[in-house]
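One structure follows; several queries about it will come next.
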Amino acid sequence: MRSIINYLKEIIFGVWSLLKGMKVTGSYFFRPGTIVTQKYPSNRKDLVMFDRFKGEVVMPHNEKNEHKCTGCGICELNCPNGTIEIISKTIITEDGKKKKAIDKHIYRLSMCTFCALCVKTCPSNALAFSQKFEHAVFNRALLIKTLNKPGSQLMKGVE
Amino acid sequence: MLPDIVALTTSPSLSVPWWKVVYDFSSLTEWIDASLHNYMSPFWTTITEMLIIGVLILLFYAVIGLFLVYAERKVCAFMQNRLGPNRVGPFGIFQTIADLFKLLFKELIPIKNADGFLFNLAPFIVIIASFMAIAAIPFAKGLHAIDLNIGVLYVMAVSAMGVIGVLLAGWSSNNKYSLIGAMRSGAQIVSYELSVGLSIITIIILAGSMQLSVIVEAQRDGWFIFKGHIPAFIAFIVFLISSTAETNRGPFDLAEAESELTAGYHTEYSGIKFAFFFLAEYINMFIVASIAATVFLGGWMPFHVGHWVGFNYIMDFIPPFIWYIGKTFFVIFLMMWFKWTFPRLRIDQLLTLEWKYLLPINLVNVLIMAFIVLMGWHF
Amino acid sequence: MEEKEIITTPDEEQEYVINMGPQHPSTHGVLRLLVSLKGEKVKSIQPHVGYIHSGIEKMCESITYPQIIHLTDRMDYISAHINNEAVCLNVEKALEIDIPDRIKVIRTIMSELTRLQSHQLWWACFGMDLGGLTCFFYGLRDREKILDIFEETCGGRMIVSYNCPGGLMYDIHPNFQKRVKDFIKYFRKILPEYDQLLTGNVIFHERSRGIGKLTKEDAISFGVTGPTGRASGFSCDVRKHEPYSAYDRVQFKEILHTEGDTFARYIARIDEMWESMNIIEQLIDNIPEGPFAVKMKPVIKLPEGEYYQRVETARGELGVYIISDGNKNPYRVKFRSPNFSNLSVLNHIASGFKIADLVAIGGSLDLIIPDIDR
Amino acid sequence: MDKIQLGEFIKSLASDLEIKEGKQYLEVTVPPSMLYQLARQLREKEEAQFDFLFCLSGVDYGSDLGVVYHLRSTIYDHVVVLKTRTSDREHPQLDSVADIWLTANFHEREVFDLLGIKFKNHPDLRRLFLDNSWGFPLRKDYVDDINIVYK
């Protein structure tokens, strides 16, 4: 007799536990307000990334097309996987001295692991992260970027 | 408005309301039959009618299949806090049609060392089995292809034939996962067929016939799930569980079990052959749901409550086809709800559930039902 | 027609061997298991690893200490923050730097958030392994909220790179505390739903109770740590035994179970989620003021010697063994990864059960393959 | 037992040991011939009971190849580091401890794979991560012009 009671108990508890699970899924089914899906390409305009989001490394330029990069090469040294390559040139300043300056700051997005060591160690804060996250391109060569804009110069007062 | 209707229906002098005539499809089919006879010999009439019915069922089959795939994706998405398909067409309703085209154009990859003939035959067996079962289902009054006097038996027998296709697919694929899936499916369907049969027998005892139209007609004054006291309700639950198992749907989808066997018996299929398996799964679900609706929930019979004449009158106004589809989709929704809530069973637990729980309950249930019918305690 | 190859071997060698992985839905990555079967029963399992062996230990020998952080991120990418912490703590210990309390507390909160999101992902995947696909979406839905917190403060979602030797990369975001508190409030309501959906479910009980039993002795001998080891009664919580960061100033229980089966491993992780929330709640309101990083030399050189640091990741004990010869590069770095030892126990506990159980056991071990291959 | 007592105890187990009190753990250097004997004793002696091998690392010391065993007792919570090294770089061979601590099975396979140290009496010594065409990458003299790029 006891075994029969246990048998029935087992069934009732089993069914009850199943119903509890069905309550969870069922309650979500009838509450479409809880849906979390984002319609990505169509909500692109109002998609705001967090301001610290590490999209890609950029070199901010001001309106006079000046940047802060002195071409010291610390970012290149600190990069763990050779993402950054600095090609420097020698220029003659106004007071006639020879000085090293940046020619090309080459950044390979395809190799970057976004460890932020370059941005953090830069002594003149010349580098920053942009919030751009759509990096897909059809040609791998497009992922090799020159960060300093053509014709740009070192900002006054940055050594 | 309401008192008038009540007055109309209760007055004995009034003839049958017009919609009752329109909702009775037998006059339409008889008219088609008669007019065809005028033009052709009886032989060609039969051939033409068969063709018309074949095309109609084929169309219905495709539409239902596509709709069910869409419905399943939407239902599971809403249960999982997602939107589901929402790109192709408004609310993504053309998504499955796009999928169909994708499957049609996909390459049929030939499998090396597979048994070619059986490999190609398997999807057709699966789809034909489900196709044949549709023929005997009454969609509305006078709207069924064939009204066999052993309708229930026929539908059960034919829909169970699909397992041969599954076994063949698993065997001929020359894939170890597929073979395990097929063997699981075989064991599963052989055992659960028993429960499906017994739970329907419970109702057959109550109805006294195996003819589906008679079973539906017997539910004019109340659905069997209400008429048959608790045994009918238990039979309904058992039927739901075992038919879910028979159609290889979660939580009994061991034959596919994508986290264990990748895709089970149809791992190696691609393109339209895979689509056949996929479609057959959904049509099988539709078939078992419509059997459940017909046998337990009164088929196309509207919902009537005792002496609420006005209420019953309004219920009569809803077309029987809508009733039928509504009930079927209710059962289908239940099955989807099961699938998207529960974890999967293990093969030995699946068989334990059948032989240790469902079968004894069912046998006792049949006895009680027979007793109730003998004593005349049912409504 | 091509002649079909007929394999003739003695009877005892004719086993039904299936190849689970490297591409299989339930091996979570590129783990390959050679499973010999007898019917549905698993006779033995041979794990084959190395599909994403990336030579992190070799790479570490040629880069500087701050640069190692970006590699450890990618080892056990689900608990990246804790891996970084291990390296940082080791370097700081070697240099004998005193770390301000603020850094310690923030690190602890971050580690516990990492543990929480790791367990959420595990719960999601474990539910999926057992066939309950809905669990997957609920788990990931809640995990996104933690990843948002990470993204706001660290700039990355999974690969956070937030620690650096001597402190943290940035200070916490002004919204950090509010967001964490909101999340804890939200998740305290959601976690019982997990229980209703899966923990209490009778099918789940049948699938997990008594499956894959691991005794305490075997757990110790196999070096199985983390929630997996603690489910067998092996008290191995590094946070208790060798407290690091701010773990010595918070109250929390070490979750210990004795059954050692799949269900115990499951419950251990669910309980750990509650404990993690407790720890975060104790700390989130009392983050002390102070600097977020200690001023370090531009080139970090460890004094000659050997250093070992253990931390408790979401999966078990991670050890970082650094041998330094006084240069700016380490001479040898060894990562004692928890998953490596946890994988080795798979054959021992899963043979004799069914394929479906193998999937459940594999899921309950919570293996992350890059951490095994390194 | 604290470090000093532990050192005394280990000294009593075998002669010819070099015992150093490290910054963190007690470090014991064992000649390869005595390694298995000492390991077994450390595991089984009532006072020691080092039942948890929590780290096994192979190291290339330049001239020698060595293996470092980090042992911990879950009962007494004390730790000892066993070190052993062999100067044979061509055919380095050490005793396997896989039958004492089961976890050593996988760890020794890893060491064999990456450093090429063979372990005697290992139940299943195969390469773990790499296939047989590779050298032993964690050795300091390993050269791979294709996969390792120096800047």
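Read from first to last, the chains carry the letters A, B, C and D; within each, the first residue is number 1.
Keep in mind that, in the parts below, contacts are C-beta pairs under 8 Å (C-beta built on N, C-alpha and C of every residue); 3 or more make two chains touch, one makes a residue touch a chain.
The model shown is predicted, which means the values in this text are computed figures rather than measured ones.
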Comparison of A-B and B-C (more C-beta pairs in contact): B-C
Identity of the most central chain, Cα criterion: C
Per Cα centroids, the chain farthest from chain A: B
Whole-Å gap between the CA centroids of chain A and chain D: 41
Distance between the centres, which are taken as Cα means, of chain C and chain B, whole angstrom: 46
CA centroid of chain B to CA centroid of chain D, Å: 65
Euclidean distance of C-alpha centroids - chain A vs chain B, Å: 51
Overlap residues in chain C, where contacts from two or more other chains coincide: 134, 141, 197-198, 201, 203
In chain B, residues with contacts to at least two other chains: 79-82, 340-342
Residues of chain A touching at least two other chains: 18, 21, 24-25, 36
In contact (per the touch rule at the top): chain pairs: A-B, A-C, B-C, C-D
Chain C to chain B touching residues, read off their complex: 4, 16, 18, 24-26, 40, 127-134, 136-138, 141, 197-198, 201, 203-204, 206-207, 354-357, 359
Complex contact set, residues of chain D against chain C: 22-25, 27, 51-55, 57, 59-60, 68, 70, 74, 77, 81, 101-103, 105-107, 110, 114, 128-130, 137-138, 148, 150
Chain D partner contacts - residues on chain C that touch it in the complex: 49-50, 53, 55, 57-58, 62, 218, 220-223, 225, 234-236, 241, 305-308, 310, 317, 319, 321, 323, 332, 334, 336, 340-341, 343-344, 348, 373
Residue ranges of chain A in contact with chain C within the complex: 13-15, 17-18, 20-21, 23-25, 36, 50, 52-54, 78, 80, 113-117, 120-121, 129
Contact set on chain A toward chain B in their complex: 11, 18, 21-22, 24-26, 28-29, 32, 34-37, 39
